Amino acid sequence: MTATLGDIAAQIDAQLQGDPATGITGVASLHRAAPGELSFYTNKRYAADLAATRAGAVVLAAADAPDCPVASLIVADPYLAYTRAAAFLHPPAPFTPGIHPCAVIGVGTAIDADCLVGANTVIGDNVSIGAGTYIGPGCVIEAGARVGAQCRLHPGVVLMARVEIGARVLLHPGVVLGADGFGLANDAGRWLKIPQRGSVSVGDDVEIGANTTIDRGALDNTVIEAGVKIDNQVQVGHNVRIGEHTAIAGAAVIAGSVTIGRRCMIGGASAIAGHIDIADDVVIAGMSGVSNSIREAGVYASGIPITDQKTWRKNMARFRNLDALARKIFRLEKLVE
Amino acid sequence: MTATLGDIAAQIDAQLQGDPATGITGVASLHRAAPGELSFYTNKRYAADLAATRAGAVVLAAADAPDCPVASLIVADPYLAYTRAAAFLHPPAPFTPGIHPCAVIGVGTAIDADCLVGANTVIGDNVSIGAGTYIGPGCVIEAGARVGAQCRLHPGVVLMARVEIGARVLLHPGVVLGADGFGLANDAGRWLKIPQRGSVSVGDDVEIGANTTIDRGALDNTVIEAGVKIDNQVQVGHNVRIGEHTAIAGAAVIAGSVTIGRRCMIGGASAIAGHIDIADDVVIAGMSGVSNSIREAGVYASGIPITDQKTWRKNMARFRNLDALARKIFRLEKLVE
Amino acid sequence: MTATLGDIAAQIDAQLQGDPATGITGVASLHRAAPGELSFYTNKRYAADLAATRAGAVVLAAADAPDCPVASLIVADPYLAYTRAAAFLHPPAPFTPGIHPCAVIGVGTAIDADCLVGANTVIGDNVSIGAGTYIGPGCVIEAGARVGAQCRLHPGVVLMARVEIGARVLLHPGVVLGADGFGLANDAGRWLKIPQRGSVSVGDDVEIGANTTIDRGALDNTVIEAGVKIDNQVQVGHNVRIGEHTAIAGAAVIAGSVTIGRRCMIGGASAIAGHIDIADDVVIAGMSGVSNSIREAGVYASGIPITDQKTWRKNMARFRNLDALARKIFRLEKLVE
């Protein structure tokens, strides 16, 4: 869409230094933006880009406005204000409602008239799809699932039987919700499968990244609360509960029966062992391993950063004997004192 | 299905304390179970739930029977007995056989009359599908693949050319069997692809989780033996062999040409380097890295658990100098002695 | 195809010891190869297999030719020469061009006459597909995407809107290119989504493994340069740039805004934190964590290999107090000196 700088200033509550009638058609990076585009500036690292920008306007803090060669939109939190402006300029692409003739729809399934169902999508029996929801091509939604209003399911999403998702949920390609949890009992060396009778319940305003998997509960539901944001290739085991507004970065692994609090941030490539409880407002750094419950808000880490391989080899040799080294220290202490 | 407590007691070889005529329709957790549902109790942590349960009956050990306010099914191993009862009460959902009119079936492909092939599934030429097998919507099975009897392929499974799976194999959504292994030769800085001529062979009673990938062998087959259970998002490289009844938890990474023995348990988010051999009955803890072969049964680990970030930073600074610290200790030892 | 040993020797520039008229139909491992098959030998570990082989010929180094009981193809780099021979004997399977009647093609989309589009594949509006490209069944290509010549998209690949891929690109099943990057701004405890306006640009001769995901850029494109090879289940965040001829092994995790140089090798199950720069010719060992930029070519590592669990427990207890142990050492040094 096209908006004027005046519209945008009003939308993001900014002080405008420039012509409010200037037309803006979208956002772009400082070094690429054309005169009809909006950019933002938050990091001194890009000072040269700011000085040279041809953008129509830049969202920035008051202190940086003197360095801006074009119109300024001055705000307290430029990153947040830019996000609002970008969302205003680039709403989700509109679509023409309708059910593609190559979609297959089950019996007793209710799809609102203003929905889109893409080609080769298969929807089972007794499913309900809320108003304004977009379901891309090649999805499969099994019997009894419920999808809220104004959701977007991108191509190739799979919702297994009885999965429930709220309103305004965004699912990226390859997401699988409601596959069986990994529940097994050992019978004299052979594994018996434990039927997975629960489902998955996803709250409003949740976003789930490409190829992420969330298993159905064994007895009760796996629960993703409202406002949770999950990146790509995250694995969430059965019986997990993730609290409101928690964000989980790419390739994190959440084992079964974990409870994560509200407003947590779980770093990429981290792993949380089964049956762990994590309090509200906990931050786990990327590539960390969590094997005990965390009772207090705070930042936690365990990842080991790289060194050159030669140093690593030497340190590893010592690490394997760390307990023996510690005992040497204690013995020396006694000898010396 | 509905069964009586008498039926269930006979099925799981339990001593029943209660009315054998009581009807049971399914399983539920202790705190949710209704009078027509079966639950189980194995962990003192849930003693309050047991005391308050309204379940129709509880599977438990003899020592706990006095604390059970409802009918008891007394067994030596309550978890295993519960699993058997749950499997008895909740067999895989029955289906009406048939090939959906929107499925596409190749030439020379043999599909038993009691199979189901879902909408928009594409099956290539010269494929064979065994009796009683269920193939969900949106699957692709390439030419020459062989699927055994009574398998379940959930939506969106891909079997590449010539992949062979045994009987009663359960594949969850997004599983890919038989993509090319990562075989490359370096030619003066450029990578040449090595044709991957083997396939994947999966034994009977194997279960493979959502979005897990198992690559075809370079020359011979990648082999998953009978009874192996693999969780979601596991990566298995080419030429791997996994022994009978081994279980692999979520997001584990098995590099190429690894051999894993029988009855192993590979923890979630662990990684095994290429060309490693692992003996029978090895347990690898979650988030461990295996870079040398393991010749003896036992439990192995290497994951580093989190601390608060401040402690982590201090410890990391020391860790980077671990070899130097060790040398200091040895020097001190000499000085003191 | 069938070739003579003479053809193959010419193709790979080998010195042939044997009958140039011998017919060869394919490649096989030393212990399985039949007289009409070609094998290779590079590792003394397989000396017994070489001695017993029934292969039609073996590609090997001059020093090993005396031990070869069958015809020899003598070269300086047997692995590379074997790769060339295998590629010569096993070119990608030919296909009969055509658009399957169950494919769905958008308006304004241009597909060359010698392409194949498989059953139930959905291609949006204004897409262009280059000459000789094969698109398997069950793919989805969204509006405005561009696919080069002689590509192979295996079943279930998803290309989101405006994604561009070069010539001879090979995409394995379940690959998702161009899903939204994980861009969020925090607004008083709630997450606002930042529109992801860039796309993904993939160069010529790139191979991407099964279920790998590469996100679209926030403003500019995520870029995968020519000749890059990526294994299965790799996650590549938004705004990443990967340099020419870099190889990335399975389940590696590359966070957003990372730049990786040319000819790097990134080990399996490794993770690179956001906004990191990595120089050309860097090798990262498997299961390593990279949290700072790497300015110099070389080999880097941080993974901790397993020990038996008892040793691991003791070492971990010491590790948690590593800073305190180091302080003890420094104090002892002062006392002793």
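Just so it is clear, A, B and C label the chains in written order, and each chain counts residues from 1 on its own.
Following the convention adopted for this analysis, contacts are C-beta pairs under 8 Å (C-beta built on N, C-alpha and C of every residue); 3 or more make two chains touch, one makes a residue touch a chain.
These numbers were taken from a predicted model, which means no experiment stands behind them.
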| item | value |
| --- | --- |
| Shared interface numbering between chain C and chain B [over half = same, under half = different] | different |
| Cα superposition angle of chain A on its copy chain C, in degrees to the nearest 5 | 120 |
| Centre-of-Cα separation between chain C and chain B, whole angstrom | 25 |
| For chain A, residues contacting two or more additional chains | 102, 120, 138, 156, 174, 211, 233, 251, 303-305, 307, 319, 322, 325, 329, 332, 336 |
| For the chain B and chain C complex, residues of the former touching the latter | 102, 104, 120, 122, 138, 140, 142, 156, 158, 160, 174, 176, 179-180, 182, 184-187, 189-195, 197, 211, 213, 215, 219-220, 233, 235, 237, 251, 253, 255, 271, 273, 284-285, 288-292, 294, 298-305, 307, 311, 314-315, 317-319, 321-322, 325, 328-329, 332, 335-336 |
| In the complex with chain C, residue positions of chain A that touch it | 26-29, 32, 79-80, 82-84, 86-87, 89-90, 100, 102, 118-120, 136-138, 154-156, 170, 172-174, 207, 209-211, 227, 229, 231-233, 245, 247, 249-251, 263, 268-269, 286-287, 303-309, 312-313, 316, 319-320, 322-323, 325-326, 329, 332-333, 336-337 |
